[in-house]
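Below: a set of structures, written as structure tokens.
Next come two complexes built around chain A: one with chain B, the other with chain C.
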Partner chain A sequence: MKQFNRILTITLLMLCIASVQAMEPLAVVVNKANPIDKLTRSELIDLFMGKYVAFPDDSKAMPVELKGEHDIKVTFYRSLVDMPLSRVNAYWSRLRFTGRKRVAVFQPNEAELIDYIIANEQAIGYVPQSLITEDLKVVYILNE
Partner chain B sequence: MNKSGLVIRLAIVIIFTAIIVGLITTQLFYRFTFINEQALGEQSINQLYNTVSPTASIASYLGNDELAEEVVNGLISNDIVTSAAIKTDVLMVKSSNFLESNDILQFVLFSPFQKERKVGVLLVKPNKEYLAEKASKISATNTFVVAVEAFIITIISILVTYYVITRPILSIGKALHSIRPGTNERIDKPTSHQQSEIGQLADDVNDLLVKAEQQMLSEKRLRNEVQVLESRFRMLFENATSAIVLVEPQGDILLYNETFEKLIEKLQLPLKKNYGNYLQDIFIMKKELQEQVKIAFANNESATAELELISYLEEKIWVQVVVTPLVTDDFQENYQITLHDISKRKRQISLLDQKANYDSLTNLLNRQAAEQHLNQLTATKVPFALIMMDLNDFKPINDIFGHDAGDEILIHVASQLLKNLRKADVLSRWGGDEFVIVLPNASKEEVINVCAKLNSTLSKPHNLSQHDKSVFVTASMGVSFYPDDQVELLELIRVADKAMYQVKKDKSANNDLYLAFASDMHNSISNNKPL
Partner chain C sequence: MSLAQCKNLLVFTLLVVAMNASANESGNDKLQLSGFATLGAVVSDSDHHGYRKTVNSDEAVYSGEVDFKQHSLLGLQADWNISSDFDFVYQGVLRDLPEPSFDRYTTLAFLRYEVNTNWSVRVGRTAPDIFLLTEYRDVDFSYIWATAPNEVYGIIPYRSIDGIDVTYNKRGFGGVFTGKLFTGSSEAEISASSTVEEVKIEDVIGISLSFDHFNWVVHAKHSQVKIANEPESNALLSSGISFIPDFLWPNSQAFAQSILMKGQEVSYSSVSGQYQWKNWLASAELSQINSESEVVPKITSGYAALSYQINSHQLYGIYAYTDSRIYDFNEPGINEAALEEVVHATTSLMNFYAPNQDTISLGWRWDLTNNIASSLQWNYTTLSEGGSTLWINKGEGHDEAESINTYLFTLSMVF
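Moving on, here comes the complex of A and B:
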């Protein structure tokens, strides 16, 4: 069983890598008005995994997510915390029982996500590099 | 039961060994179990950590009290955990009984998303008492099991050794104990040991018993033979007509028979343990015995001697003594002395001797005996005077009064002559009315004196008892001297005889003449001139 699991994991990993390679790198972006220019990977994880709900300068932060199991979302979590989306979801489910609610905004697609970030100064989200516009500020680039 | 008996001793050894081995084993078992249980406890805590670490990590990462509490409560619900706590930069969640101490195990908690990022510490205090108690319980159970096992093995060992080894040996021993060697009794071979060493032992013991019986039987037979032989020897020894005595070289008597006892009784001597060497004290002539023994032993012979015993009786007791050296098996020299009573033979011999050497009528020495004396004297070169005497006028008395009267005269003469002679002198009846007198170491004067005395004595008249008649006889005497006159005995006699006849011849002329010396005869013959 273990062996099987391992084989499965490796296979999935290979698939992911293939998909990531197929896809262009993801960029973490904020509102242009946001004073933050750069974030560390840890700061990024803390923001997206619910440890903090504020930027390092203590201004409120609002992570923006894609709904469902969007490919970009999968790639994002794979790149950021090296976890499949299911586990990330399980993490959140677990926290929900302790009475902790996730502070995040869910958007159905990349376009709406970008629009939300442009519209909200506190917002922070991830988009493929190709979709970056003048109105967005890149604070982190997820490289494999 | 015998305290030092085989069974008790064996049981003690086995029980003692079992106790020691049991103690050591249970102790080792206890230690081992204890250590093992403690290791298991730690392992369990590690497993607990592994179980709770994802949640604990999340709790620490987020600083989430509820989650942390859940983890802590979950941990302390385990028996092996006393208290627990989760500590982060911003959070400290602990169980109510949590206290800082040395024995608290610390597990570092990492971020669930970044494996290298430390987010807190999980503190767990293991329940040492519980672990110890559990370990004790398990090891106690183990110990009990081992003890029971040891006990069972001990009992089985004792029973097995008793039934398989000790009891058969004991039964053999008991049987052997009650068996009398030399009889046809044998011990039974234990049925369960027909082929084993114990069976072999029984066989060997029986073989020994067979041998013992055979030996005893043959010894008994031999003893009987010896007894028969001994009784025969005893009979022979005790009923021997000779006294038989076994003495040691120092003279101590080892053995004597009844005859010897009787002999000593007869001699009226006290029965002693020692009569000197070779019983010499009971003999009159000890020295002769010693000499005889010395000579005989030097020639490796038995010493034989005829000796007279000391006796307070009138009757003389003579014995033939035979001393034979005997060497015993242990090389000790003893002497067998036999005393054969030869008194009777001695008496007969002396009687014969009397008959042979003495004249039966006068009891004087006869001619033969006289000659022996003379031979002895000449052999030892003792000078002597030989007087040849012949009675005158004897024939008429014999003719007139008869032989009895003649005999009476002869006896009378003999007694008269004997009266006037010394003890060393020899008087013999030479034949008929002839007498020979030998005077050892006598001078001519002495001879003259003696002859004068003899002549005057004989001249006295004698009353014939049968005839109431007084008669007297005279004698003619011729004297020769050894060795002055003759060295040869026959010649000496002849010249004395010649002198005596000369006296007879000259008597018709001179009635008082009674003595002539052979030496004078020679002169007179040569001078042709009578005395």
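Moving on, here comes the complex of A and C:
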């Protein structure tokens, strides 16, 4: 019985952590050397939905995405454009398979995504706020 | 499957395997492979008018048949990011074609140069930006319906344009303006019940404009093309008519000349819009085809569609129509009794590009996962007499008005 209570407590704790993580604000980050200090929501939508892939100073941007179906990707698009990932994928399949837009750069996890942004001045991506380091510049916060 | 199709499939598979191996070897983000696929089943209830997706197809679906070839396809794409300014895209789409070849399977193969944020240039094979969906009508996962409305898209046989395009993008007025100019040439097959015609177009010049405000978008497109070859049916009939003596067909030479298509211009115009409000999505398009040719009449088409989203399900309805003049043989002073066969052949040719029908569709799309969706659609088509261009007419001489039910089920995915 004691063991059951312990398992139950751990499970509930993990659920709470997962819930906190799901609700954790997402930071849209760029390379530290990028002269842009902040973006508007509309600029962010244009950028991540492939409508106008540039920073406000008209310099080229390079969106970096997570490969596959990460929770933060689902949360990001739900917060940004209020769309489920299936609709975002349908929308992007139009741009990708018509060859209208260059495809985003994909990274397998948050750590490699952060490394990529640190190494590329044009890169822009999104990470949970807890993962922000001094090497990144935050230009927008979602879910605040 | 024929030997030629097997050979093409093998070449295609080898190419993809080679690209895949190269991508794995490079292990970086320079080369990306992706694709799309549809497994589509069609049932239709007409004994005479066979359903087909577009006028390319020389096969069709009649009453009592279940077809998997009209809508099923597999598309594979490689995106090679050469540098921050250059990239190369190759796409091949395997599907049932009347004249299969590696060239026909290749739908995209272009090099892009991004001059700056606003300007980009593509050289090579690109998708035709003639009407709203002509660039991505085969990517079924990308739109809600089981298929793009036949009334507007069924008549367009072209899947690609070989040439060059220049695109300009600019943010402003709370949205993004995009303008594109393109030029090039193309070729495709157009089929009827017993013939498959190769149609080539050249001197394509087109403009495509759009303004995208995220929850609403408007497009205007116009292009004109010159027909580059003489379809065999036209050449044969023209030659036959030109030999008819004047007492049977006065001035037959002039009529014979008028049914030749080579060198004639055809223009395509379209305006369309889409509006998203909460769970509702409304879209509409009006299009028109005009031609110098006597054989291609003015064709006016359009559709209006409404869909409603409930979680991963979308329910939708579409009304689509296409209208063109139907040719009745009434050339003056002709001995029709003596020339019955020629009159019949002339009428068939003059109505070859003259669709007249409307369709009411109801459907349900279900996003099974984030990358796979199923769509079930019922089409109720009212076909006018002599207006069955978009169908294959099985019964010789049977081109009567008919109401047809067609059921489509598609499982579409991207990967």
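By our rule, the second predicted complex is superposed on the first by the 114 of 144 C-alpha atoms of A that agree within 3 Å, B and C clash if a C-alpha of one lies under 4 Å from a C-alpha of the other, contacts with A are read in each partner's own complex, and residues count from 1 in each chain.
The criterion applied here is as follows: a residue touches a chain if its C-beta (ideal position, glycine included) is under 8 Å from a C-beta of that chain, and two chains touch if they have at least 3 such contacts.
The shown structure was predicted, so the numbers you read here are calculated from the model rather than taken from an experiment.
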Exercise for the section: Could you look at A:Arg100 and tell me whether it touches chain B, chain C, both or neither (first, second, both, neither)? Expected result: both
Practice task
Examine A:Leu85 and indicate which partner it touches, taking first as chain B and second as chain C; both and neither are also allowed.
Solution key: second
Practice task
Look at A:Glu69 in the shared chain and tell me whether it touches chain B only, chain C only, both, or neither; answer first, second, both or neither.
Solution key: second
Exercise for the section: On the superposed three-chain arrangement, identify whether chain B or chain C touches more chain A residues. Expected result: C
Practice task
Would you check which partner chain A:Ile45 touches, where first means chain B only, second means chain C only, and both and neither mean what they say?
Solution key: both
Exercise for the section: Check whether A:Lys60 is in contact with chain B, with chain C, with both or with neither, and answer first, second, both or neither. Expected result: second
Exercise for the section: Give one of first, second, both or neither to describe whether A:Lys32 is in contact with chain B, with chain C, with both, or with none. Expected result: neither
Handout entry: Set intersection of chain A contacts, chain C complex versus chain B complex
Key = 42, 45, 49, 51, 81, 91, 94, 98-100
Practice task
Provide the residue numbers of chain C that touch chain A in the complex, in ascending order.
Solution key: 29, 32, 34, 36, 75, 77, 79, 81, 84, 87, 89, 91, 108, 110, 112, 114, 116-118, 122, 126-127, 135-136, 139, 141-143, 169, 171, 174, 176, 212, 214, 312, 367, 369-371, 373, 414
Fill in the blank from the handout: Contacts from chain A onto chain C in the complex sit at residues 42-43, 45-46, 49, 51-54, 58-60, 62, 69, 81, 84-87, 89-91, 93-94, 96-100, 102-103, 105-107, 122
Handout entry: chain A partner contacts - residues on chain B that touch it in the complex
Key = 55, 58, 61-64, 66-67, 70, 111-114, 117
Completion exercise
Residue positions on chain A within touch of chain B in the complex are 42, 45, 49-51, 80-83, 91, 94-95, 98-100
